[in-house]
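These are the structures, in structure tokens.
Look at the two complexes coming up: chain A is in both, with chain B in one and chain C in the other.
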Partner chain A sequence: MTTASRISSRIGQTVLTLFIVVTFNFWLFRLLPGNFTQLLSRAGALDPAAVASLKQSFGLDKSPVEQYVLYIKNLVTFNWGTSYVSHQPVFQMVFQALVNTIVLITVAYILTVIIGVALGVFAGRRAGRLADSVTVTTSLALWSVPTFWLGLVLVFIFSVWFVGLPVSGMTTYAATYSTPFDQVVDIGLHLILPTITLVISSIAQYTLIMRNSLVTVLDEDYVTTARAKGLSSRRVLWRHAVPNALLPTFTLTWLNIGIFLSTTLQVEVVFSWPGLGSLIFQSVNQRDYPVLEVSFLTIAVVVIAANLLNDLLYPLLDPRIARR
Partner chain B sequence: MSLLAVTDLSIDYAQLGGATRAVTSASFSMGTGSSIGLVGESGSGKTTLALSLLGLLPANGRVASGEIHYADESVSQYSETQWRRLRWTKAALVFQGGMNALNPVRRIVDQIVEPMLVHGTETTKQAATQRAIELLARVGIPASRARDFPHEYSGGMRQRAGIAMALACKPQLLIADEPATAIDVVVQAQIIRLLAELRESLGLALLIITHDLGVVAQLCDDVIVMYASEIVESASVRGIFHNPKHPYTKQLLESVPRFSGMRGVGAGISGQPPSLTNPPTGCRFHPRCPSVFSPCATEHPPASRLADKHVVACHLYGHD
Partner chain C sequence: MTTVVLSQPPGPVTGEQTPAVERGTLARLARRRMVQIGVGGLGLFVVLAIAGQLLTVNGIATGSTAASIFNPPSLQHFMGTDELGRDVLTELSAGALVSLIVGIAATAIAVVVGTLVGLLAGFFRGWLEVVLMRFTDAMLTVPSLPLIIVLAAVVGQGLGQIVLVIGLTSWAGMARLIRSEVLSLRERAFVLRARSVGVPPLRIMRVHLLPQILPLVIANTVLISAAAILAEATLSFLGLGDITRPSWGLMLNNAFKSGAAGRGAFWYVLPPGLCIAILVLSLSFIGHAINEELSPRRQRQ
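Let's look at the complex of A and B:
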């Protein structure tokens, strides 16, 4: 199969997956218990005429199938509706939240992968020794810590004992900045604690996969060949062992974006980071279906895109896949 | 002066509950352009012996006693840096079938160029690449395939590329661990012919580690037979094949299937190779030996020289 046809068939699969996700996404919310008009009525007695007009204005009076067709039509025409609660366009709300989430997740994920892989190499080349056991045990222990709990502990520590680092939000409340640089610094400070939480609770997977993969690779004949060629141990490690050991970690990195994203969403709620996580949390509480639908769809698109990227980028690392 | 001399070499692997001796008092020497086959069952210590010649024992392995000399230089006190300089320049390794001996994510030519640049055999990348392509041509791989990755090669090509790589730094000794295993017989024959031809034209010495007596018969002048970490017999190829002395060697030869007559599968050797953690007393082969007699179970047989090159460690010989 040529590269072009491989890529186009892979993109075809992606589009199909997206369609299934969209369909599932639509029905999921129709099957969930609770409904929006009931939630509103709880605030006060709403007369049936008002309920009917509310339903009509949001298209809820139509049959589910009609709603589905309308939903697909609106989706492809980028008419993503308005929030039941804030009456703002959903697109705008989700987009802003997504940007904020991307800021957090990019910083945290890059650090997680780099530190995780570095620790994995550190432990893997010392397999069986004390440093290896300590690294593996510690990372497993940290992995077992619930993320939201770790976040809450950090919030507590930094708001009671070491006041100074911001524990909530993305920027200082009502701050005015003299330069854009000040704003970046402010966001950076707000990033520190959520990032630490994410890195600590997610690092173990990368450390363990990289460690085990490296241990296996170090046993391969081609590593013995590299040593037999008289190469320095550093060169054997970085030129021969690590590039091969990275392959499973690379795949994990892309496939895990979904899981890392869901962890990020939790952390956002704990640290009041104004991203998708906070938006979803708030929208679930308010049964704000249009926002939830688009948020979930956005997450699905991110995960599917990550998988696609993995498949498209993997051949660059592993020539065995490239020309198949 | 010999190219390589191994004297009374013993190698231990550290394990829970004590050391396992993988090679016991091995001695042999190789001259320039000579060719020795090291034969024995799996686990008899032949690969360990080969790895020790390049200082490549695994972390839990160590030379317990004895000496290895290259020319007249002893390597027993070698630092890692000294070993690194020796590797590939004095002796190079060719691995089994070349299957995993090549790094799957790097191009063949780069893998051949690498040791040349590290050891200064060639000083520029261009010159090294040029030489790598010549070496590949020499083993029958066209220049157009030089930039391929290992998975694009057939098993036989990989093995030949492994041999080309071994020649990169002009070593005088090639240590080949099962060079013709795991490839089909036609390709096997090509590899054997290639090794024989290289030995002839470059004056290479070959140390062939194998359990395939056919390979030995075609490539080697002398044979060393190992059993349970010990050398039990060494002789010329002619001596081993026409006049084997040790009962183990005899049975090994009888185990080889033959095409003549209706013999079916060879007789094989009854029993299991012994554990090295807890080897049998006396002669290590005595529990499986058809000619076992009184001293075998208690006394370790001394090596006796029967002819110029023919040495055997067995109680049946040398008690006169």
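Let's look at the complex of A and C:
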């Protein structure tokens, strides 16, 4: 397959996935039999006149195709409606939450990948020994721990035994800052526990993939050659084996953004971090459908974009794929 | 979540239909430490769930007076009481039942759908494969937790709905795996021969293909069930589960909302999470062991 056709087929799949997600969203929230106006008015029984006027104002009296076109037009023009509860524009709420989530996710993700890869190298070069099996078993155990519970346990520890670190929110309530630097420090302190939770519960996959990949690479002929040349084992490991073993981990970092986001949603709820996760949690519990819908769509689009980015970038790192 | 992908089998060597699982595999599995621990953990919760149904130790609701809430473990309440004065141990055993039911039922749906999609796509190829696999890829791309949350919020929160939502969002990985396996199987001599003498496709799938992919299906069934149990717990924790049945996730939701962590009620906060973790870990142990037992054998074939 040539590069051009590979890229265009990837973009084709991306567009198709976007289309499926958007259409799914449209059907789920708009055309579920009979209850849209009820959901909208948040009332059980409505008189027919009210139903008719609601339907008209949302274009529900038009044909499904027209509604669908209108829906997509509103989506791409950021005309996302207003919240049922706060009556703020949905765009504004989702955008602010997205920014807060990105702050948390960036810090936590970088740490997760670095620590995960380091542990993977640690276990991989000791394959078959005690340190290796302890690392692998611990990773499996950590994967099994529900993230939200890990967060709860940390809240417990830091509000009962070691009081001091903030366990809730993004900033201290009603705080006034003398300098912007103070605000950054305050946010940084609030970041600590959510970040620790995220790192602990997400690290396993990076450790396991890096370990397995390193074990495979260490068996390759070129590594044996490098050893035979008399290079120091450290040089063989870090210059020859690790860079190649990093390739699958690279893919994982992009493909796993979806899973990492799912984990982040839970952490945000437990620590009341005002991001997309908390927003979804609130909107679900308040049946605030416009906010829920757009939050979900935003997450889906971010993840789909990350997947595309991985597929476009990977051949640049691993020329074997491009030539295939 | 980790889905362990089995290594691809190499192309056909003999092409003869051989038993997909060598004799003695089960015995070797039973000797593995991971399997023993896993089955032990699983058994523990089955017993807990059954015991909870047979003898309701102290009754769920014992009335919430100031004296009966957040009691630490005592002889009367082995694991203390919660914010409404309910017995934590009783709730735990009821939660075991919910986790097992949802785990089994949702997994069954995911396995049937995933196997069917993979089989059909891999065997018939053509437009059917394109349609099914494009859709499968889309399912794999969309992050699962937000999808499950949105679905559950709209569909409703009974136990049946939860099972359906989790089951219908967990099949895509299985479908991909089965399809690639079927793609290689369908070119083998025993399948080609059956097709050339006009054996109907459905019969080929049932008699020739299904037994071959069964080990792969079983290994992944166990891993899917682990993920399904985690998903149910997460949904319930977020308040989207069946609130009429005490589940581990719901207990943690109540603990979270009532500020049990801040009040130091460790007997209430710790056990549900530990139960989820141990059950999920038991299943992952079993799944990984089956995978390991099968993959080197597959490579040698």
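The rule we apply is simple: the second predicted complex is superposed on the first by the 269 of 324 C-alpha atoms of A that agree within 3 Å, B and C clash if a C-alpha of one lies under 4 Å from a C-alpha of the other, contacts with A are read in each partner's own complex, and residues count from 1 in each chain.
Definition applied: contacts are C-beta pairs under 8 Å (C-beta built on N, C-alpha and C of every residue); 3 or more make two chains touch, one makes a residue touch a chain.
Source: prediction; values computed, not measured.
Undergrad: Quick one: chain B and chain C on chain A, clash or fit?
TA: Because the two structures are overlaid on the shared chain, the partners are seen to fit without clashing.
Undergrad: Between chain B (first) and chain C (second), which does A:22 come into contact with in this model arrangement: first, second, both, or neither?
TA: Neither partner.
Undergrad: In the superposed arrangement, does chain B or chain C reach more residues of chain A?
TA: Of chain B and chain C, more residues of chain A lie in contact with C.
Undergrad: Per the contact definition in the header, classify A:215: touching chain B only (first), chain C only (second), both, or neither.
TA: neither
Undergrad: With both complexes superposed on chain A, which partner does A:191 reach: first (chain B), second (chain C), both or neither?
TA: Touch partners of A:191: none, neither chain B nor chain C.
Undergrad: In the overlay, answer first, second, both or neither for which of chain B and chain C A:231 touches.
TA: first
Undergrad: State whether A:119 touches chain B only (first), chain C only (second), both chains, or neither.
TA: Neither: A:119 stays clear of chain B and chain C.
Undergrad: In the superposed arrangement, does A:280 touch chain B (first), chain C (second), both or neither?
TA: Second partner only, chain C.
Undergrad: Who does A:252 touch here: chain B (first), chain C (second), both, or neither?
TA: Touch partners of A:252: none, neither chain B nor chain C.
Undergrad: In Å, how small is the closest CA gap from chain B to chain C once the two complexes are overlaid?
TA: 17
Undergrad: Contact residues on chain C for chain A in the complex?
TA: Checking each residue of chain C against chain A gives 1-2, 134-135, 137-138, 141-147, 149-151, 153-154, 226, 230, 233-234, 237-240, 249, 252, 255-256, 261-262, 264, 266, 269-270, 272-273, 276-278, 280-281, 284-285, 288.
Undergrad: List the residues on chain A that touch chain C in their complex, please.
TA: Chain A reaches chain C through residues 13, 16-17, 20-21, 28-29, 32, 140-141, 143-150, 152-153, 155-156, 159-160, 204-205, 208, 258-259, 261-262, 265-266, 269-270, 280-281, 284-285, 287, 292-293, 295-296, 299-300, 303-304, 307.
Undergrad: Of all residues in chain A, which touch chain B in the complex?
TA: The touching residues are 220-222, 224-233, 235, 239-240, 243-244, 247, 317-320, 323.
Undergrad: Chain A touches which residues of chain B in the complex?
TA: Going through chain B, the ones touching chain A are 51, 54, 56, 80, 83-89, 92-93, 95-96, 99-106, 114-115, 118-119, 149, 151-152, 162, 165, 168-169.
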